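In this document, chain identifiers A, B, C and D correspond to the written order of the chains, with residue numbering beginning at 1 in each.
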């Protein structure tokens, strides 16, 4: 199956619309998934980052969802969670921002759509006290590059591992742990990988002092 | 030269001469191999020590001799020391019965072929001992490989030898050479009227010889890119040098035997001017082929090597054995 | 069965073909150059370590100590200092040190230079036993070069 | 072979030992260490231990200007330096919307493909050394020297070229280069036939590589393995076609694939790519337009804030640069996605139950460059 970008947008739209809230029973999919999926205009513009209205039209979402979304969308990334981007300008076709808890589900969407894991990396946003984790996906047989990103607070940088979905993520996550101190919950072995085996530092954090 | 008629003195002298022959051969075959490899690879090879590099072996030996003989801790010291001694002896013993020319034989025994094959298989024991006693994982893997390899290739080699034995009817190497007198069409290699598969037999013998001497493409003992230096990983200095010498001594022995058995030994290919020169010429041509093969092919995979022996060489050599015995019985009886 | 039997002669033939290839090469001339007895010409654009260009008119380096190269260097291996001489409008270089142990020969400095005052040398036999041997004083080097006829 | 894997992974009945292959081992091509749990000669678990030559290029990227980081990119995978230059340069061009003159684009393609050939030749010869054949190395290096001479005459360097610049290339090529390249293409085709006679058709090599280390297309996808590895598994994935860049869309070339997925398939894909690269070089030389080789570039580079990716097909597969800019003159973040890293991550799963020489044959076929893994 080689899904079109629109189909992917729809799937991600459903995902972003249904933020699982751990302490409460799951949100009924019927009500919440239709709204955002329909209301997802997906800005397809040549200039890339143009806000999709979906992000701000969170009126239909419940407060918990909204809070999670706010956490996922800090001030420096004020645009919508799902954007079609111009490949010629950005190097990827679809830019999806999800909550940290949705990372595994996003990986499953990518897996079902036949994408391969390109890379996992982090970006340390020191000023915003946040860490961004970026998952790049490529498709081996169809055009289309997808970047899935999430943000976690710097104080508690933890995201679930996607190694169960993409075994190749194992190494990328270990490397990201090395460099940023991001903890991938459920990862089998986060011991230093590229760094010396006794390394306790994370050199790509912006406050790292050698 | 009255003294030479006394058997013990003669034998002693012959053994010294053989030792020198093997030593010089090993030294200069290393150079020849390196030079040959260079030519195959379009480079000059060693050319700095002496004119054209001819002093290179001297430099190599001086270097090896000046090195410390390391015995790594935890090794079985006695066996570790013993292995290099054992490895060189069998080749020397075997060369004692090889007829270099009509008269030039250290010891003319009438069961020469048997002796060569029985002593020739001791070689593998030495490599196994070295691998076993080294207390090194690469060495022990290599030792296990070498044993199974040598066992596997002993069989087709002996089958070939039996085929020859039936055709020649003697184990006396001198006698075998004498039977091949009178031009190259009398050589065992070309005696297709006795057995049409004689050339195939020779190829099998040659392949087995490569395998028995652990030469590329069957160099499981060393297998440089897999097992570092295999059974010899822990040896330093002349300990390693002796294994190296043994390898070349075995090549010389194998080529000599091939010359005697298939290529008419010291017989001239045209029936005139027979002598030791012809023997050396044929032998070194075979040695060159051994070098040529080494610098042409990649190494066989270990199981592929066993498959080659058990699934291809043994059936074919069994078939030739049957064929020649049938032909002997029915046609030439 | 038939295929595997056929494989034996075919495989053997492939070995002979391979041996023919190496034997042909055996009789062809050597392609290597016996360095250091013989060396190959160095191309004009060869990127060695840098050196100062000497103005043939004055016999002094062209460098105006503008420090563009120092800033362009990714590895901080260049130190430049200059002073104004009397009666001259531009500064001229008094000190130009290259720490070759850090240099990665990227050529950023040459590209950054606005007055074409540095160029790549053609030195490539750069073996030494001491680290200090690679702290080049390029002003001195230029002076020595200027003295040469 | 009657399924050695079964006996190798049978629990409880085996005595295993750990073989530390590397970091200094003839087959490791650099300082790769593989911790192998062995049962006899059977590999039960092969765990690559990497990072021995980790240099933290990504941190260096955050400490120097956009232009100053450029020489670093050629030193990640020193065998295909130009592809790495290309990805970084093009990512910055993408961020700054710099136009590249067409002549420069063609020169980039021509030199990149020459670099690909030289890289494949090193792989080929080193792989044969892994397999115990020592002579092909010298033949391949003979050919490679000719390429390096050509590239050296243009770029000034033999390995870490740093030939590409933001907005074009360092300097123009001369007539001698064009003539020499055409001559190389002419002379290299018969050499390819010689390689086939000497090595590819050789029964020993075929026996060593066929059915060894099969990798499925699905595994490649899950591990992100690209380049000859995924193409050897039957997937025609090539960044030059999947995310077209430079002037590759205008050029006519095929993406060689093999369906088998074994080491021989990867080997054959490599060999077929040599021919395709020759085709690309020929077309590039034929169509090379006149004109400038360096476009208009702002004096100080300050890409607008945002992130920019650029992927190229390096000799070993997909190499991607992900740049994050905060609008300053030094990068905020440089992520280097290297192909060897993903390709090696397959090794642990695929090598299970193989015997040691086969595992090494598999490892060699993945075409690893250790600095590319460790960065």
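Here is the rule we go by: a contact is a pair of C-beta atoms (placed from the backbone, for glycine too) under 8 Å apart; a residue touches a chain by one contact, two chains touch by 3 or more.
Every value quoted in this text rests on a predicted model; they were computed, and no experiment measured them.
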{"item": "Geometric centre: closest chain by C-alpha means", "value": "D"}
{"item": "Furthest chain, CA centroid comparison against chain C", "value": "B"}
{"item": "Centroid spacing, where centroids are CA-atom means, of chain A and chain C in whole angstrom", "value": "46"}
{"item": "Gap in Å, rounded to a whole number, between the CA centres of chain B and chain A", "value": "66"}
{"item": "Distance between the centres, which are taken as Cα means, of chain D and chain C, whole angstrom", "value": "25"}
{"item": "Whole-Å gap between the CA centroids of chain B and chain C", "value": "50"}
{"item": "Where chain C touches two or more other chains, by residue", "value": "12, 15, 18, 21-22, 25, 31"}
{"item": "Sites on chain D at which at least two other chains make contact", "value": "135, 139, 142, 198-199, 202, 204"}
{"item": "Residues within chain B bordering two or more other chains", "value": "40-43, 295-297"}
{"item": "In the complex with chain C, residue positions of chain D that touch it", "value": "64, 67-72, 75, 135, 139, 142, 149, 152-157, 160, 162, 170-171, 194, 197-199, 201-204"}
{"item": "Complex interface listing, chain D residues touching chain A", "value": "50-51, 54, 56, 58-59, 62, 91, 94, 217, 220-226, 230, 235-237, 242-243, 306-311, 318, 320, 322, 324, 332-333, 335, 337, 341-342, 345-346, 349, 374-375"}
{"item": "Chain C residues touching chain D - in the complex, by the definition given at the top", "value": "7, 10-12, 14-15, 17-18, 20-22, 25, 31, 43-47, 72-74, 104-108, 111, 120"}
{"item": "Of all residues in chain D, those that touch chain B in their complex", "value": "1, 17, 19, 25-27, 38, 40-41, 128-135, 137-139, 142, 198-199, 202, 204-205, 207-208, 355-358, 360-361"}
{"item": "Contact footprint of chain D on chain B as seen in their complex", "value": "37, 40-43, 137-138, 141, 144-145, 216-217, 219, 223-228, 295-304"}
